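Handing you a structure now.
Going by the order they are written in, the chains are A, B and C; count residues from 1 in each one.
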Amino acid sequence: MINAQRFSVSSGIKHLIVLAFVVLWTLPTAGLLVSSVRDADQLIVSGWWTALVATERNAAHRTGTADSQVEVDNQFRIDGEFFREDSGRTVVSWGTGGRNLDEFQAGDTWVQDDGSRLTVNEDGSYVWLSEQPFEHARGIRLFYIAAIPPRFTMANYERVLAAEGIGRAFVNSVTVTLPATFIPILIAAFAAYALSWMNFWGRSFFLAAIVGLLVVPLQMALIPVLSTYNWLGQTWVGSLGWEPRSYLGVWLAHTGFGLPLAVYLLRNYMAGLPREIMESARMDGATHFKIFITIVLPLSVPALASFAIFQFLWVWNDLLVAIVFLGQGEGRTVLTAQLRELLGSRGDNWEILTSGAFVTMIVPLLVFISMQRYFVRGMLAGSVKGG
Amino acid sequence: MIKKRTLAVAITSAALATGAMAQDLHFPIGEGPFSWDWLEEFENLDLSGQTVTITGPWLGGEQDSIRRVLAYFEDATGANVDYSGSDSFEQQIQVDTQAGSPPNMAIFPQPGLAEDLARQDLLVPLGSDAADWVRENFSDGDGWADLGTFENSSGEEDFYGVMYRVDLKSLVWYVPDNFEDYGYEVPTSMEEMIALSDQMVADGETPWTIGLGSGAATGWPGTDWIEDLMLRLHEPEVYDGWVTNDIPFNDPRVIEAIELFGEFARNPDYVAGGPQAVATTDFRDAPQALFDIPPRAFMHRQANFIPAFFPDDVVVGEDVDFFYMPSYDGKDLGDPVLSAGTMMAITRDSNATRALMQFLQTPLAHELWMAQGEFLTVHLGANTEAYASDVLRRQGEILLGADTVRFDASDMMPAAIGAGTFWTGMVDFVGGASAQEIADDIQRSWDDL
Amino acid sequence: MLQQLILAAWAIALAIGLSALFFIGSNVLLDRTLSSDHIRDDDDRSRRDDLRESIRPWIFIGPALLILTLYLVVPVIYTLWLSMNSRAGFVGLANYTWAFNNRGFQISVRNNLLWLIVVPTLSTLFGLVIAYLTDRMWWRNIARSLIFLPMAISFVGASVIWRFIYDYRGGTDQQIGLLNAVIVAFGGEPQAWISVQPLNNFLLMAIMVWIQTGFAMVLLGAAIRGVPEDTIEAANMDGANDFQMFYKIVVPQVWGTVVVVWTTITVLVLKIFDVVLAMTNGQWQTQVLANLMFDIMFRAGDFGRGSTVAVFIMIAVLPIMWWNVRQARKEMS
């Protein structure tokens, strides 16, 4: 184990700074997490941070009509409830208009001009008593402030997880993501090694080209690539059963779009590996292939892991490439597309986004956490210069 | 016939075995207010083994609805219809058609996009018979037939698109209880509506709630306002000329409409939260102001689809209602209605696709979605009894009873305008730019095309 | 479901197996067919060795070149061609003159420059600081996971998150956006943030910095681990304080990685459009080139002008390309 005290930043300040970053970086996501267990209706009327405490909300209720009256002890009465049972809500104050909600306190009685008496209790039940029979065909509106206890619901998650085809979409996403992460790593690792340790014509040119290709907007590539796929499907390859829209097509497309970054990251890392190791291995008569497999690949694990996680994230969260190259036929949708379907055409159910975002986040986060230990250079720490 | 049904069942079970989903028919055949007779001609058609693919903008509940409608076609003909919805429909259909692998049929939310593809010969013409059919069977049929008529690359006009599912935009939503509490009456003319707004201001209340926010499409609710006001200020011909740019965007008559919108949206007394809130409030959140207590606003102009964004416990027709956005008594322009809708067009021809197109033109295909809600039609043959609710029926009546029906202008303008500078212009206008400035800007971008 | 799972597993194994097989197979084949073990003559032998080793780089780099050509080089050429066309046909450089005179384009260029300065710099700096400070921290894994969290969120999810931050409610309504709530709590005046120019640009950049800091942290964290023990001990002996240690020892040692991180984020920023699209779609003068391109191509259906904007994005990367190649040349010599 390496000396745990090698950097001596005064502990307190260090922890404080990191804590500040962590809080700042987590706060927005925390908002999303809290929002995902709230009612859709509450999302747009109160801030997510208020979800943890009891809130007050204005509401109105129309009383029962004369039809609902009963005669008890020569008195006519109408009973009713503001709240549904077990809602936990209580009445703070109430009134007869939307602008005077604090006219009466809970338990107060409003004596009306006709002599009838209306009492609203804290639990939201009310009694309206009169000596004369009630005759109104339409109830009157009562306005009140309700105290709403914090309430959380898993309904958003239930809707996402119970959605039809979500399991299938999950499997599809995995089917797309794993090869689309692994294939570019493999191809890029070989290319990166060649670009950093082999001598051949045009090496600098290829390197420059790859950096340049990093910037090609994905949207520009969709039509030419899909055209090529279609052409392949129509010509001789088609008779071999090549479908323009297939997993293979998606894997290769993701490989193509991810390859520049992969080659770029890996080349920079590999070029930083100590020259002496390569040279002594060459002296021993090892071929480049052998050096690559036995020395460079194991040494490059941190870089491979870093790229793997980025590519994984990108493919996992991608919607566009999957839709274009895999199509949307039944049973072919990936997780992101399936979630999008739940949202509705005009985003009718956008509260689904909150829980949906967390459901899609779980897998990449698990991958990241499980790969943490690969991000650090193991074997050669101390002898490798920063690459 | 029975034999056919058994065959269909056999195919369905075969499809099941290969992993496809079989859908139960939502409404039992032969019952209810549906024109089941129309099914017969499709039952005599054997399309088993054929697949029709459709791409459209409908997702979620709407996707469920259309799939239920299509199930009847599948059941009758044995064909397999594969509908997939996408929120990036515009992008996807462009990529698919340009790359040469379009679906059989596409449902366009904007005729402008269909026109674009037709001009590149990427749509299949339906022929003049289809256009004539629309003329005869749709209310105000000439208008709908013209809407689906585009030029191809050599400049020849043909009919390409049939409307299926129409939206009604000229609606003002309000909470009857609030009107009752304050003693307000539903206005029947534009003059009354403005007087009512002033009355509300005098009472210390805020009449309107307006939200232009819509993520990537921010600004569109403003374009609807302008369009509705255009129809109430000027002859329909002015509107038509404005859509095609024969009347420039910075024509005084257009500017008049923009300024009238400003009298609502830029008036701090008139809008909840003040003008600053108008541009950034999401259109989905805007109606919330109606339901607050005390109400933050009393009226909200928005299309028939907005109840999807009302709070869950609100019952449309009881807790909230709508009235037709009235026209000026002082102007003799009748009762104009602003509409929008989705257009079906064939992007890759086949027998089964043509048959499906036929099917979707039957009254039955309209009724089957009407009965599921959230669907209005201008099909004269469709039984209005099939509407899922009185609210829908009343909206359908406004649509059928209008003196003038005009389609959403921004959806017909070139997308660079109608889904570009027009939107931006609305946001800038609400933000304080003058009507003349933004109209000049929009016209400049039109000249620049 | 089980069937699908098996199919998926099979496909994954096949894809991975086949690509591995190609590299192993072709290298073994090369070694076999051009083996020099049986050749006695030294000249022949070394000639054969040379031939073999001059073919090998192409086996190593061949698949990458093939795929890059097919998926990226061809589209680039196609884009160049499209940029000189309109619906009507070939128009030469007309689209380019259009772009220079277009106000939307000018605003996008201005904003893109701001993005290019702010986002890569802040992301890299924050990533570096966090990576350095957490290097030996007992709760490093938790801290890093939480900083990394935003990277795992899709852009759509991110836009919802930030809507809860920047949201504005007019009048006396309760603010549901955190930023406005804080401001109101301190007695300030709430603002419709995403429409406040030019501040709104920086608010959008904040989202991107929030996402990309995790990326910088992961790469720089690995690099800092690689800083040699002896260097650090020597500095400790010399009594270097924390700050000196950071910028005199650590930063120079990981400079190569800083360049890589900075380049990657810069390129990403050039391509960024999801954040802008979801938050404002370029309204209130927040347009950027990539979103403008997307808008012109897929919304307005004008592939010519859209491609022209794409060409500008690609031109913008040239200085970065040149700088990287120079850096690489220096390393290799």
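Going forward, a contact is a pair of C-beta atoms (placed from the backbone, for glycine too) under 8 Å apart; a residue touches a chain by one contact, two chains touch by 3 or more.
Please read all numbers here as calculations on a predicted model, not as lab measurements.
Located most centrally within the structure is A, per distance between chain CA means and the overall CA mean. Taking A-C and A-B together, the chain pair joined by more C-beta contacts is A-C. Note: the chain lying farthest from chain C is B, by mean C-alpha position. Distance from the chain B centre to the chain C centre is 40 Å, each centre being the mean of its Cα atoms.
With centres set at the average Cα position, the gap from chain A to chain C is 20 Å. Centres computed as Cα averages put chain A at a distance of 31 Å from chain B. Counting partner chains per residue, chain C shows two or more touched chains at residues 297-298. Counting only residues that touch two or more partner chains, chain B has 19, 88, 91, 98, 215. The multi-chain contact residues of chain A, meaning those touching 2 or more other chains, are 44-45, 223, 331, 350. Residues 19-21, 53, 55, 57-63, 82, 84-88, 91-92, 95-96, 98-101, 177-178, 181, 215, 284-285, 288, 292-295, 305, 308-309, 311-313 of chain B are the ones touching chain A in the complex. Those residues of chain A that touch chain C in the complex are listed here as 2-10, 14-15, 17-18, 21-22, 25-29, 31-32, 35, 43-49, 167-168, 171-172, 174-175, 178-179, 182-183, 186-188, 190-191, 193-196, 198-200, 204, 206-221, 223-225, 228, 247-248, 251-253, 255-257, 259-261, 263-265, 267-268, 271-272, 287-289, 292, 302-303, 306, 309-310, 313, 317, 331, 336, 350, 353-354, 356-357, 360-361, 364-365, 368-369, 372, 375-377, 381-387. By the touch criterion stated above, chain C contacts chain A in their complex at residues 1, 4-5, 7-8, 11-12, 15-16, 19-20, 23, 27, 31, 53-54, 56-61, 63-65, 67-68, 70-76, 78-79, 126, 129-130, 132-137, 141, 143-157, 160-162, 164-165, 174-178, 181, 210, 213, 215, 218-219, 221-223, 225-230, 232-233, 236, 242, 245, 253-257, 259-260, 263-264, 267, 270-271, 290, 293-294, 297-298, 307, 310, 313-314, 316-318, 320-322, 324-325, 328-329, 331-332. Note for the complex: chain A touches chain B at residues 40-41, 44-45, 58-60, 62, 97-99, 101, 141, 143, 222-223, 226-227, 229-231, 244-245, 319-320, 323-324, 327-331, 333, 340-350.
Within the complex, the chain B residues that touch chain C are 19, 88, 90-91, 94, 98, 113, 116, 119-120, 215-219, 271-274, 276-277, 279-281, 296, 414-416, 419-420, 423-424, 427, 431, 448.
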